[in-house]
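Presented below are the structures under discussion, each in the form of structure tokens.
Across the two complexes that follow, chain A remains constant while its partner is chain B and subsequently chain C.
This part shows the complex of A and B:
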């Protein structure tokens, strides 16, 4: 029973689910006009979901990897629904709360995509959180110094490319372990963030220094994170940005030669080398993708939160990203990854935090719950490998 | 197996709610969101719980896992969907959070506490003036080293508004002038009056107590041949970290220590004569006054007649006796330590 099920039925089912979501949240329908940017985002969401559905192979093997996270998400959603219907004054399924969760999922999902690709090819990036922080601080500081928002965005993305390139070169050319290189990077990039700005940086500061940026900055904020100037979430735009990126990753991963190279490298890099794959070049490109996505997430972090502290912006994000990737079906040993799973994995952490707030679970419990989630993921990962090996042998 | 493990985890999650506090008591709900997780906030929680019991309201006391606007606002936004009628927030970044908090002040009664954001339309601010409190610490340094000397400032971070004000207060008091604007921008001088500022800047530790101790040890090593040294710890754990380092190098009494906040180790150090003094806020009152105010308004009280109570910083010394030039309440360390422990225990 390892064959694929008809793609058409998956697509129809997914569209049905999207339609229900649309009705529930009363989102703007994509068919009316293109005047509203959120309608454009709605179309993008549908296109991304379609691409994700078409690249997803509904085999027993994939289902096994994703069923667990689905059960986890389903049980938390169920609990939120119980709260919604039994405790009248609490409204976790309110549109604005769902938007908040989906937006958190979006920004976490973007770094998860990069982290997952790196884990897939047998590497790891512990500097992701610091890169997110450095990017957020650089983005804010550049604007405070008079760099227009769009130019600042481009510079920060280039910074991400440069960081990924450096990490990648150190790993592929000097043959250093990615764990160590990125561990050093974690300290260095945090240090750079603190050296760039000793104080908090933020959108209000940039606007008060340069009132001429206010309009473009507000539009950028509305477009990329869906927030109005007063901070109200109008649309989970971050989710759409993440979905678009996930769809691109899905096509590369599951439908292109590059994807096959990456799976091969992660599964057995020596064999991949003998097969004529440019292992080092492929690994370098994945490092660049990972850091660039982290830098982009840093930009979104500043736009979403409005402010970034050089000392702690993006702290521990690398761990959240790795957790999300593992829960989404990535094997820490490399060679296994499902693009659609990453989206689900990235939803776990935001929804757990949200649920804990509604159930008034003490703040001190939050970290052990995340830790337990990662642990159960890795234990299950190991057990399923042994189970399969035994079944084969 | 993977599915089984995750299902077991999901099952565990599903059972957790059964252990937690159930709401739906019909009481008015208010919430407090702090700026970080710290012992300091235990005192505020104690005060808040007492006020909640007195006013018959339900309280949700939340501490963000890190001192970031994002973590704090995530908690605040989730609380807004939980039917709260009032919210007290220790603002992390007043300027950047003003638009969000202004919107929130339009939805629920908002009180700022510990750190203010005065343009948000909040009902009131509950907290001490950190600049004046910093000046009080500066006066304590002047009493310990009246002829001048070298001072080392230790603090978790210099990015938050209250930390900047505290540092500015200490240095302005020593210099006898007003350099607030420059200090807030992070521009420091080497000399403040007859005092030399070690490393020409406050030493930060990212709110990590272990790093605070290493910082203090390293400063003591570098200042070992310098006469007349005072070390000022401006976050709650800093005086304790300094004291541990000073004890480790057998310099108790030689290096003067001035602290901030009411960590029990700091109070014990003062009682033993190892620390000169500490400037305390009144976190218990922060919690108590915030909840009292929110409960009053939520129950239909007149917003223009909010029960105001000015919260002033206080000074804790070994003797607790009057000091010339100090116009705030002075507390005796041993007595203050006991009463604080009792008020915490009473709530737990």
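This part shows the complex of A and C:
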């Protein structure tokens, strides 16, 4: 009974929050015709917010795990606010910039979810970035060759499934280490992307080759990444897509037996095996989830950017995803993960890059500043955990 | 006519590459009895236990369970039929709650293939299970990793009961428990027995076997060595059957002379994380100072502080009357204060490395010249130590992890002997070592004492304490509760001090 009441009040809160968001951003109200994009986005947001809050266990344990990332995000946001209000010529908190940050958070978040699940179960996937690149290039090339957009999307998702299946089989059946298998995958999938297409692929080319698909491509782009045909950003739809996926992951992780299995496998796979859990099968499915999400992120990358370069699309995304997962409360040792934390973790890297451009940190310095910021976040995390352990005696 | 036995294993044979682990071994487990399985390391206890629990498949023989021939395809199949193995390395997911562990793999779910969790029935029945093993029902929501080892083990037993276990196989269940936890475990075993559950109990501690077993089956070299009824369970009987001969001079004292001058003195020592009350202690040349106390009394911590693994916050360590400053293990080693640690596999040895590499590790300064290893010196060091300590190993190149516990421990001793120890701190020197090798280690301790080494031996094994020590100090809650001369040392006196009873 209390569960229902809790769920109800969280739903009401989410509904209110989304309504306030719509009001402040002066977005079109999602009341009119059925199937309107804004309607889908707002409903998705309410549902995913509700599920995420409902599955998040508000305990000291969890809050302390997320304290590091919260402090990091808070201080960068604070700096952005100072720029906004004290330096009149720059406006980092304006709608367009926030939309840009959130869209990036969305695509990074999608691959972070997969990477985190894999780390939770004691594995790691270094091929994520290359899979993103391969998926983007394949998606573009297929459409340039005349494949309808929806069919191309399905094919690329199946490609992701196949890659995850291969990785997973190599790890679970041949007992190879996931680090090695996916390291090889990192080179191979990047190579495949460059073999499929030597130059940039893009939506423009696809549309001019096959004008009959222009309409469906535009509406897919508008729905999934929130960009109008002319390239203007209507809404950070990528974030909504990510939130929905995160909500599904949260329910699986925290409210279903599968999540329970993954936690057990990551901490002590022997215990899981003795409890009768099909450890190898669970591991295999997590590999599939991870690669499929990466392939999906590749599709969004192309839809968002309009074009993809086989040599660098998705470069080092695997590392961003792993860092985001760790900042979001995942332990590299396995067995620890908070679904809601992953969303926060995925915000760190986009917001740091954004802040650096506003503070005019030169390009040449961006990588080390980024690395240093992430390092301080992880150090803070570790110190908090150590302090907590000591406080407990 | 006694009722039908729960399980009969007949003529079990198990071949591993290069060794016949079990040869024609038979064992019968009656309903509601506690059967002790005894034998030296390598006698085949673990193999037999794993065959009963379905971890291994026998190569010959048959198992009758409740009158029916069975072959368990795996531990899960055995568990479902009511045979559960309580592991030495606990099989719990410590990141999950007690309740999650109790029902791991058989969660109550709804929503078909979505397998959404319904935790309410588990919370209720989980509480009942916990109460049967003497834990409060409210522990269902605790995280397993935050429980002390004894309670973790009880959780594992509760899980087995939840699976309707008829036979529990416990492998060294008390090896990491405190005295209070051990007593608790005995109560639970008694209660289980009363409810008709049979227990196969494996332990190296003969006193425990005397205390809780109804019967003992003794294995030697992979064969049945005999069986002892409750009345026959004396220390001498068990040991005789285990090693197949009388053990004369189990605790040899051939080389002991009267103790000489004080070698190691702790003068008002305090260390980080330790008790506020300063500690003082002397160890004399040629004596074995036994240190007793319950687990958690701070004995290991004190030795770690002396060896430089914990920082000292006050007081002095004196060696032959001179203060030595020890801030890291290298300082202690240079001074000649050497530690044989409690956890041999984790801290004493690099298990994957060879016997030779382990022997060389703390002696690299002696067998190298200007930074380059002198192969000849290294080889002669290995040969000398292996011979002197009678380490049973095919060669110095053998991975040390493949040796038996006793031989591993001899290698740990060998690491230090090459350096000529002044003070040797032994932390539980015979834990996990079989009876035959124990005698060899006691002989070695005796020889070292005879050579004038000051030996400080921390032990939880009462017989070892009484048999080996020349003098004993007893610790209680971080401080020294009292000192006993060899004449005053009795089990009673030691336990009295260890539990805070005062001298």
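Operating definition for what follows: the second predicted complex is superposed on the first by the 338 of 393 C-alpha atoms of A that agree within 3 Å, B and C clash if a C-alpha of one lies under 4 Å from a C-alpha of the other, contacts with A are read in each partner's own complex, and residues count from 1 in each chain.
Everything that follows uses one rule, which is that a residue touches a chain if its C-beta (ideal position, glycine included) is under 8 Å from a C-beta of that chain, and two chains touch if they have at least 3 such contacts.
Here the structure is a predicted model, which means the values were calculated and not measured.
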So, after the overlay on chain A, do chain B and chain C clash or fit? They fit
Based on the superposed arrangement, let me know which partner A:160 touches: chain B (first), chain C (second), both, or neither? neither
Between chain B and chain C, whom does A:76 touch in the aligned arrangement: first, second, both, or neither? first
Given the touch rule stated above, what does A:231 touch, chain B (first), chain C (second), both, or neither? first
Could you tell me if A:129 is touching chain B, chain C, both of them or neither one (first, second, both, neither)? neither
Could you look at A:341 and tell me whether it touches chain B, chain C, both or neither (first, second, both, neither)? neither
First (chain B), second (chain C), both or neither touched by A:104: first
State whether chain B or chain C is in contact with more residues of chain A in the superposed arrangement. B
Which angle, in steps of 10°, is spanned at chain A by chain B and chain C when each chain is reduced to its C-alpha centre? 120
Is A:306 touching anything from chain B or chain C once the two structures are fitted on A? First, second, both or neither. first
Nearest approach of chain B to chain C by C-alpha atoms in the superposition, in Å, rounded to an integer. 18
Where on chain A do the contacts with chain B and the contacts with chain C coincide? none
Quick check: in the complex, which residue numbers of chain B touch chain A? 1-14, 16-17, 20-21, 23-24, 29, 37, 60, 62-70, 73-75, 77-79, 81-83, 92-93, 95-100, 102-103, 157-160, 185-186, 204, 206
With touch defined as at the start, can you tell me which chain C residues reach chain A in the complex? 75-76, 79, 87, 89-96, 100-101, 104-107, 109, 114-117
Chain B-touching residues of chain A, taken from the complex the two chains share: 64-65, 67-69, 71-72, 74-76, 78-79, 86-92, 94, 96-97, 100, 104, 198-200, 202-205, 208, 229-232, 301, 304-313, 315-316, 352-355, 357-361, 363-364, 366-367, 369, 372-373, 376-377, 379-381, 383-384, 387
Any idea which chain A residues touch chain C in the complex? 251, 255-258, 260-261, 263-264, 266-268, 270-272, 274-277, 335-336
